[in-house]
Structures are given as structure tokens and as C-alpha cells.
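A, B, C and D are the chain letters, set down in written order, and residue numbers restart from 1 in every chain.
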Amino acid sequence: MFNSFGNLLRLTSFGESHGTAIGGVIDGFPAGLKVDLEAIQQELDRRKPGQSKIVTQRKEPDTVEFLSGIFEGKTTGTSIGFMIKNTNQKSKDYNHNTNIYRPSHADYTYDKKYGVRDYRGGGRSSARETANWVVAGALAKQLIAHININAFTSSVGDIFIDKPYQDLDFSKTESNAVRCPDTVSAEKMIAKITEIKKAGDTIGGTVTCVIKNVPVGLGEPIFNKLHAELGKAMLSINAVKGFEFGSGFCGAKMQGSEHNDIFNEDGTTQSNLSGGIQGGISNGMDIYFRVAFKPVATIMQNQQTINSEGELTEIHGKGRHDPCVVPRAVPIVEALAALVLADFWLLNRTRTV
Amino acid sequence: MFNSFGNLLRLTSFGESHGTAIGGVIDGFPAGLKVDLEAIQQELDRRKPGQSKIVTQRKEPDTVEFLSGIFEGKTTGTSIGFMIKNTNQKSKDYNHNTNIYRPSHADYTYDKKYGVRDYRGGGRSSARETANWVVAGALAKQLIAHININAFTSSVGDIFIDKPYQDLDFSKTESNAVRCPDTVSAEKMIAKITEIKKAGDTIGGTVTCVIKNVPVGLGEPIFNKLHAELGKAMLSINAVKGFEFGSGFCGAKMQGSEHNDIFNEDGTTQSNLSGGIQGGISNGMDIYFRVAFKPVATIMQNQQTINSEGELTEIHGKGRHDPCVVPRAVPIVEALAALVLADFWLLNRTRTV
Amino acid sequence: MFNSFGNLLRLTSFGESHGTAIGGVIDGFPAGLKVDLEAIQQELDRRKPGQSKIVTQRKEPDTVEFLSGIFEGKTTGTSIGFMIKNTNQKSKDYNHNTNIYRPSHADYTYDKKYGVRDYRGGGRSSARETANWVVAGALAKQLIAHININAFTSSVGDIFIDKPYQDLDFSKTESNAVRCPDTVSAEKMIAKITEIKKAGDTIGGTVTCVIKNVPVGLGEPIFNKLHAELGKAMLSINAVKGFEFGSGFCGAKMQGSEHNDIFNEDGTTQSNLSGGIQGGISNGMDIYFRVAFKPVATIMQNQQTINSEGELTEIHGKGRHDPCVVPRAVPIVEALAALVLADFWLLNRTRTV
Amino acid sequence: MFNSFGNLLRLTSFGESHGTAIGGVIDGFPAGLKVDLEAIQQELDRRKPGQSKIVTQRKEPDTVEFLSGIFEGKTTGTSIGFMIKNTNQKSKDYNHNTNIYRPSHADYTYDKKYGVRDYRGGGRSSARETANWVVAGALAKQLIAHININAFTSSVGDIFIDKPYQDLDFSKTESNAVRCPDTVSAEKMIAKITEIKKAGDTIGGTVTCVIKNVPVGLGEPIFNKLHAELGKAMLSINAVKGFEFGSGFCGAKMQGSEHNDIFNEDGTTQSNLSGGIQGGISNGMDIYFRVAFKPVATIMQNQQTINSEGELTEIHGKGRHDPCVVPRAVPIVEALAALVLADFWLLNRTRTV
């Protein structure tokens, strides 16, 4: 518990945003996989700051170093230790916050829970931790290369893609800074974020993830339902406020006669309001889910707040922050989905005699 | 994994809907709690079938028997075994489904995953399992009696309570069959369910849960965020398609300047779009979340489907099923919330020296 | 933790010696195994009281009832709940001990740890719990039927089998009451136990276990070494004081040049001081280990002790107790060994791509 | 599982002997402990090679770097990442072993299990891993500073300390190279090891550990008995073949009337054959246990063996190896004991209401 994720394939992570390094241990990874280290770094690059004008302008190379578990290009079955050094520890950006609780941040709760807090840049509560997840997820992706995971920005503020996902061309996702495969919506989203950024404000959005070529049978049916583990994973990402899959919250307004997915003779279904999961187990249809991100809490405007003495004070975001978190969240969503799927995929080898 | 829930306080459950009994083991429960057995049975009665006209008319007494771990009225610190006998095993209601895959049920996925399936009434995939959760949750409630957990039906189909939860009187929740504290909405919801039932159809809905008097500091900040564990718990309930807390999906449309919760001097906040959780840790404000339930898949209408041979066939729900799952889901949501909170509450004793 | 054993294949148990029932949940058992229920009951019968003159004369039928997870004779992949009713709850045998701490029993430590205790017959600390392990182990044995597990009594007091295990005929183990395959030693052991029993005393002994046909590769090499898990399992059995495998404590007196097992061309070794395990992983040679049991603490003699008020008092064992625990421990040792091996055997399916 | 140890306080480790670094993540460590970093390094120095003439002459500084979880000298409650760089990777010492299976080493089993192996110096199977344990254990020691853990060399070959531990002065343990508090025995042991080393051979031995000032109530009584967790920990150390506590294997020859520990009025006992643990729970008396180490497998003599092709060949240890492992094992035994005790000490806060 605490800093581990996964059952058989398990990431245990560490690291504060402004400490020496972040990193982790990937345990339970099977032996014999040829690892494409470059592909892992590419996933990290998709997440890293400074990659476009609509994300934070911090410069962090975010280079992963593997310390064990990979030998002569292959996994050895032993635990995989890795590390990403924190090279750009501009703590002075944060020093003014030493004892100030930023609104809608975790400063207050960490202090109350632990009685002590690494105040530099959010410490452990920083989204920098998600770089660890991307490393582990990128490895997991290579383990289940036959499964196709596609996340993308589906809304920014009130700008939504107005097409079903079936009409989208996922090869376009990386073609624009906001990671929206619908290029018309993408432009609007980028314009919106640019405008919001100028105002010193931030904005929320949603990421949708579509998973194709999922084998039937992934997921455990009681407390480790496939969608429950996916939901838990997504709700672990900083700023996430909601998760829905298949028909989601819309399904709660529907009737059984319209919601049921009628079978074809081959076991596929005519509709897919189930979102590819029945009773917690994948049924072979596309899995799709949606994740809601609130606007980033750090804004470049004056806000009233308190310090650790309980005195009223004012805060004005300095540092370099994302005006909208969703473009950089896309690879994180994919990484966690890959971890969940790879875990269940391994586990499934043990569920029949 | 597989059939366990919780970290320090852990339920491990078993049971098929038409087997001998369902039950479980509650592990990690501290010694010395005076147990109110009647209160546990009352929670079970809130969940049981046949309690009103708008739920399934099956008659199951659902009496829990404790087999260990409670001695002379007190918990002893050893594992608590319990059992609920299946007294009303009308398997003949289900026998016609032996090899037929009911649409949007788990029949197909279980068969494909395990190669074998207890086809009587859904077997392990039946929501009967949730009776186990209510037993464990009712015990957990007694452990954290100072925390106040209130779930209620917040929508049925497109009928929503149109008030903020602060304006609701939770003492009214149990006053009507649909468990909606807003009695005007409750009547409309009951009428809707009655109409849907007559049509042999089913309908979805949402349950909202409001938790008051939560101590600051519950939750672990990386992979065991308080809301991530609550989300996983809720997504474990049969028919759930979505989970959101605080501002939820609406928050994804907002800007930081309107979404941030400004602190008061005492550490409370002026607004509570965070939903009582910052960085995965409770901040002492009300926790509130919403759970989406799809319409029950078993409808009293003809539907095309296939059997295990891949042949097209027709199915027409017999048995006695719920036209809407949310009224009976209310105590289940509370039970799982109690389990999550009690687990973190215990865990918190170990987080500082 | 607390009441669970195993990683992927996990038993979670409950039950006090004089409560309603003992039992457990076996989780992670693969689907599709044809279960021989009679064979499970036979294992329980090997453990049960009253089976011969040298064990306790309590009469307990110890009949296991499976409550879930087995359908039409096969495991379904869902959790297997089971229960053994306590039919012979002669609590009056124990009532005189309500607040007296029996020497070298767990009465004192339970009371100090939990502040409350089920004093009837040892409650949870009773070796009755091991009946649960025999049930789970008997199922595990059927899963790994190709592996041959042979435990036997290797010493009682200072009477030792004076042959290497290779010279023993394990088919003789069940031919005598003390479960010693060397019939000459068996007679001496039985005579010894009979004599000790008459004196109202008890005596210790050792159980040796030899496992044949073990596939190469079982065990995880750091903290879940095959011998470390076997050791933990054996040290969980009531009255166990020591565990050694291969050369064991004798190996600590040897030199490398005599201790090393030299390879044959086929990967087998000429000697087997390693006991079939190298670096925590099985190497295909016989696994053998030895378990030390102290004499049962309850003796039919007067002993000074204290009560929960800290007052000096006397105690004289009543009840019906084993003069020597090892004959009944033999099936328990086998059961736990089977659980450990089956767990690793399943796990091994996930350790390579 | 795989590379983690502990329940609430958990070390997850990584690292091969000749990779970039070894290290780990310590999870669940409570916030607010003032950390004495120097004391941790001192424990590492007790374990490191080259510290005396009777241990391996490899030179490795073994400097631990903490990467997270400690801020301004205090633990923060977040996961503690650490790393020890491998500075002296003389792989050429090992290159001749690329495809040769060293007798009584883990080369063969790793290859058969994983199909791939880091052959440099034993890779993950190297005892270098134990440096990670010493780091974690040294931190744990600081958490439970009130408990006094004393391990020492109790035998080398057939040279045993011939006094009860009560007559030993543990302040002498570090006064000699073999870590034996009985200085007369120490000299004999050192002479023995020196002689064995000259012969190019190795020798086994035992480490005894005595733990004082243990609070009553540590340990969980079924599968996490205090002695079972200690046993598992010790059996995880490279070269360990046996574990016994209290009366151990001698207890198996005794009668109940002589073995029972009679209570004093204050709850202490007159004798302590139980070894400070009753029913898996500490009773406040000294805990003592003994660990058997086989002779190191690498000897400086010619031995017949095979390579991965199954061809007969010869091997002659080069490298720089320990002639006897026990002097350097002493701090490892203490470290693991500290981890087990600290884990149960934390856990105990949650076992009563």
C-alpha cells in the first residue's frame, strides 16, 4: 500500500519534485522481453514540460536511467530499478510558499496529516511523480504490444469533440499541441488555452481513452473489476475529479431495453454501451472511458489564503505552471491503463488449471 | 487480490447466489469494540429484496451469522467469519439460462475467462455478493461511529433532485421506498419506477453520498488517494458506470479562478468544489461523491441473444428482478464508504512516529 | 496480513476452537480442476483427534462443508468458502481456566495484546485452526498432483530414525499410529509416547518432509525464497521451534569443499546438501526439511501459574490433550508445503514473457 | 511479493551486484523521525567488504544516498528512495563464468527459471543485495530505538561459544573481526577462518541474536507469528540453512514438565525456553534465535561442474570471496530483525480500538 500500484506487476515509486531524484521499482516484470529503451524515453518526452507553448515552460530533460533488471537489452525477471534525476530544481520559485497553504493544493492536508512537509514545489504531491508512472507504463505497453491504447484530449473547458470516437483518426493525436485527434476541435482548444493562459488563469478538461484488441477475460470479477482498477488508476492522477466508462453517467438516465448490448453470433455485440467490460471482465469489444480533470490550482492571480499559523495572507502563483493539464495527461492516462491491462494479462495465466 | 478489499481492514468474501451460503472473513478488525449485532442486521434489511413494491419481490431473510471473532459481545482482534445462508434458491427461475448468455450480463465473460460457470442466477457475478459488503460495512460503521455517512438516491432516469445537498434532510432518506431525502422528487421517482416496471423494463439512476465529520488526514497521497479508493469501491458495485467527487465532471469545464476553494482562517474553505479531499487526503470538509448506475440488464421483454454454442436464440427475463437498482444500492454505497474510511482511519495511526 | 497465507493462492481463515465453526476462503484457485472431495476429507481425518491411542481422545468428526467455488465437481475460479462446524464444544473442560494463564500457552500474550480473549480452549490460538490449513492444503495437493509430498515423524524425544530418508519406504508412514515409515523406530516412539502419557507428561519431536518430482524454477529469489516460505509456513504451526532444510544446522559446521553439490551433466547433482533449493529456487532435486516441535504445554500435572489479576495459583491440565503433537502434525506439514508449492507453481506461469 | 519485505513497513529492493546501483524504496515509514544518517552508514560499514583480514578483500565504499522521503533531517511520511552505487564492478573476475554453473550457486536455477541471467558476479543472487537490507534495517532500528537488538557470531565450524548468552558482554561484539562477544572463542574462530582461507576453502557458522526490551504483544498470531516472520527474514539471507528460536531443535527432545516456562507474579517467567514468544506474540522476555549459515560455495580449489550446454568442465574460484560469511552476516541479521520488529510495532497501534 502507500506507494505501490498493481498486483502481480507492481510499481513502487518514490520522489519529491525538488529532491535529488524520483524513481521506482517495477516488480513482477517477466523475464525475456527485449526492451526498447528509446520508446520509453519517447513516452517520457510526451509528458515532459516545455514541449509546446500551451504547457509549462519549465525545462526538465526527464531522462530515465535504468539501474537493474535489464541486461543485454532484455528483462531478467528481477526487479527493475529506475531513476529520473531532478535537474531543474528551481526551488526559489517555491520558497515564498514555505509556510503558505496554496488554495486547492495538498499543502494543508500534508501538513495536518504528517506534521512535516517538503514544501519545495509540492514535494511528493507534485504531478512530477507521474513521470515514474510513464516509465512503468511504457514498459508495460511493450509487454502487451498486441493491445492498442489510445488516449486523447476530448474536451477543454466547454469545447468538446462532437464526434463519436469511432470517427476519429488516432494517428492525428500527436499532430497538435493539445493532443486532440479532431484537428478542428484541437485548434479551438489551443486557442482557448492560450487565452486562459494570458489571463493568468487555468482551465479543466477531459481525456478519453479507447483500448482496442483487448483479449476476452481480463479483470477479476469482485473487487478487482477491470473498470474498477482502471478507475482507481485514473483517480490517482493529480487533478482528476471523475471517471466513467462505457455509457457512464449518461447510462444512468437510460432504460434497460435501450442500454443492453445485443450479441452477434460471434460473441461481439451490436452496440457497446458496456464499454467492453461485463461483470468486471473484458468481453473483447473496445474499452473506452473518460477522465475529468479540474483546472490546475496554481493561477497567476492574487488569491487570499492562510499560512501554517492560521493567519490570512495573499498568494500569487509564480513558478511555471500548466494552464491546462490535459495535453500532458494523455500519456499518463495511457501509461496507467497499460499497467492495469498488463497486470491482468499476466494474472490471467493463473486463472485456469 | 481477487476477492479481498481493504488494506489493514480487509474483507475477503465468497459465495454464489444459488450456492449454500455467501459470507466472508473480516480481517484486521481491532479488538475491544462492543458490537451492535442488531444494527448490522438492520443494514442488511435495508439491502434485502422484497422490502417494497419498487424492488425485486424475491423473499430472502438474509440473516447474518457470525462464526468467530466476536466473544461476549466484543470483537477479539481475531478474524471475523460470517455467513448468510441462501434460503430461497429458486434455481428453476434460472435453469432456462443454463447455456444462454444474457445480454449485458457477465455470463459470456465468465464462460470465456474460466471455461466453466455456475449459471444459477449469475453465480458469483450476482449482486447477492453485496450483502457481504453490507455486513462488513456495518461493522466498519460502528468502528468509526463519529463519522457520518449519508447516501441517498439522487436521480432515477432523468428525474434529479434539484437542490444542493446542503438543503436536504437526510433523516428523510429512509422515509420512502426510493431512499430520496427530497420527498417531492421521491414521489416522482417512485412513479417512474412503477411505470417502468409495468413496461417490463428497467431504468438507471445515481446515488450521492455525503460524509460529514471526517477527520483531517485520511487517505494516502499517491496510489491510495482517499477518492481513488472510494472510486474503486463504488466501481466494484454491480451496474456502476461512473464515479465523480466534488466538482466532478462539471469541474472539467471550469477555470482555476472559480474552482479554487479559498481558505478561512481556521483551515476550512469558503467553497468545497474539492469535495473534502486535497491531494488524496481528507481536509475536514464534507466529502461528497456521485455514483452512476446503469439500468438492470434483466428485462421482462424478448431480446435476441446467443448461447454457448454461438447459436442465435431469444431470451425473456423470468425470475424476480429489480426495475431500478438504486434504492437497494444506497446501503451498499454507505457500507463500502465505511470500509474505506475505517481502513484509512486505522492506517492513520501508523503514519507519524 | 493477520489471517492470510499465500501470494497468488491465498487462504484466509477464521475460527475459535469453541466457537460455532472454523473455516476460511481459498482465493486465487484456478478454474477447471476436478475436485476429489473424499480425498480432502481423508486428509482431515489424518489430522483429527481420537484416531489412535497416542493422540488426544477428543471426538470431533471434523467434516468440511464447501460453501462456494466448486460447481458440478469442478472449481469455478471464484473464491472457495468452506466451514468445519465445532460439534464437540466441551467448554466446561476449559471453564476453570477463564482467567488463569496456562504456562507456555498464548493466554497471557493474547490478553496483553488484545485486552480481551476467547478463553474457551485457547480460542484462536488453538491448534484447531490447523484443520483449516489441511483443507486448503488438500485442495492444493490436487492442483500439483505431479509433485510428491511426504512428511513423517522423524523423532520423538531422543528416539530418532537412524537411516537417511533415501532408505525409507514412505508407503509405510500411515501403517502405524506415530506416522514413522521406519517401523522399528515407530514401535519405540509409540512406546515412548505411551509411557509419557501415563506420567501425565508430554514430549517433543520432529517431522521431516521430503518432496519429490519438483519442477526446476519454483521460488522467488529475494524475499520469497522457496525455503523461506516453507520455513515461515512451518513456523506458523503451533509448537514449532525450528526449521532447517538440506544440510541445515549441520551444514554450519562444514567446509565448502565438502558441502558443495557437484553437478552431473544433466544438471542433477551428485550430493544434495542444498536440499533441492539453490538461491531460493528449486533445482529439481529432492527438497527435504525438518521441523522441530516442542512438547505440548498442557500437562496432567500440577503447575504453578498466575491469573489475570497477577495472583499466584495452581493449574492441572484437564481436557483431553495430545501427549505428543508430531503424529497429527504430519498431515499439517504436508498441507502447508502443498500450499507453498502450489502458490509458486502458479506464480511461475507469470515469470517469463 | 517478489522483491518486497514487510507488511506496513515495507522494503522493495532492486539491484545486481555488477549493475549501476542497488537500492530500494522504504514504504510506510512514519513521518517525523529525526534520522541519524551517520548511524545508517555505520551499519553499512559493518557489512562492507574489506573491513578485516578474515573477510573478502574487495573494496567497495558502499555509500548510501537517500533520494527522497527525508527532508531537513526528518522523515516526511512519504516513501524513502535510496541507492548504493556499484563502484567496484570488477566484472572481469567473473567473466570466465559467463556460461559456467558454479556448484551450489544459483546460476543454474536462475537460468532454468528465467531463461536469461545477469552472470556478472551472481547478479541479483549476490549477497550484495543485503546492503539494501542493512540500510532499511538501520532506519528501522532508529524507529524502535527502545528495543535492543544484539546479533553475534556464536559458532564457526565446530568452534562454539560454550556459555549461555546471559553471560556474554555484547559490548565486546565489535571488538574483534569475527564479531564474537566471547573473546576467547573469538580468537579460536579467527584462527580457524585464517587456516581455512589459506587452504582455499570456506567454512560455515551460526549467528545468534538476542533482543531485549521487547514490548509485550508484538506479532500476529496465525500466519504472521513473530517467530515465523523472523524465521522467514533470516531464511532470506544468502547461505542460511536453518532457524531456531528459544529451545529450538533441543526443545524437540524435551518433556512438557521441563520445557514449560513457569510464570512469576509480574508475568515474567522463571525460565525462557519459549524464547520470548508465546503463540506468535512477544511476551516481554528476551527473544533469542539462532541462524545456520552454510560454507560459502565459492572456493579457491578446482571443482568439476557443467556449463549451460550441459558439458562437463572445471571451475576454480577467482574473485575475492569471504572464507566465512558469518562475521559480515551479523549486521544483516540485526537489520532484518529490526525490520520485522518495527513492522509489528507499527501494526500494533491498530489492533485495539
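FYI, contacts are C-beta pairs under 8 Å (C-beta built on N, C-alpha and C of every residue); 3 or more make two chains touch, one makes a residue touch a chain.
Here's who's who by UniProt: A, B, C, D = Chorismate synthase.
Keep in mind that this is a model prediction, so the values were computed, not measured.
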Task: Check B-D against A-B and say which one is joined by more contacting C-beta pairs.
output: A-B
Statement: Relative to subunit D, largest Cα-centroid distance belongs to chain B
Query: Measuring from the mean C-alpha position of subunit A to the mean C-alpha position of subunit D, what distance in angstrom results?
result: 39
- request: Could you please state the distance in Å, as a whole number, between where the Cα atoms of subunit B are centred and where those of subunit D are centred?
  value: 46
Query: When the C-alpha atoms of subunit A and subunit B are each averaged to a single point, how far apart are the two points in Å?
result: 26
Query: Among the residues of subunit B, which are close enough to touch at least two other chains?
result: 1-4, 8, 13, 28, 31-32, 75, 77-79, 113-115, 124, 221-222, 347, 351-352
Parts of subunit A lying in touch with subunit C, wherever the complex brings them together: 8, 28, 30-33, 75, 77-79, 143, 221-222, 346-347, 349-353
Task: Over in the complex, which subunit D residues touch subunit A? Could you list them?
output: 1-4, 10, 12-16, 19-25, 27-28, 31-32, 65-69, 71, 74-81, 83, 113-118, 123-124
Task: Mind listing the subunit B positions that touch subunit A in their complex?
output: 1-5, 7, 13, 101, 103-106, 108-110, 112-115, 124-125, 129, 155, 157-158, 196, 201-206, 216-217, 220-225, 227-229, 231-233, 235-236, 238, 241-249, 251-257, 259-267, 269, 273-275, 277-284, 292-299, 301, 303-306, 310-312, 347-348, 351-352
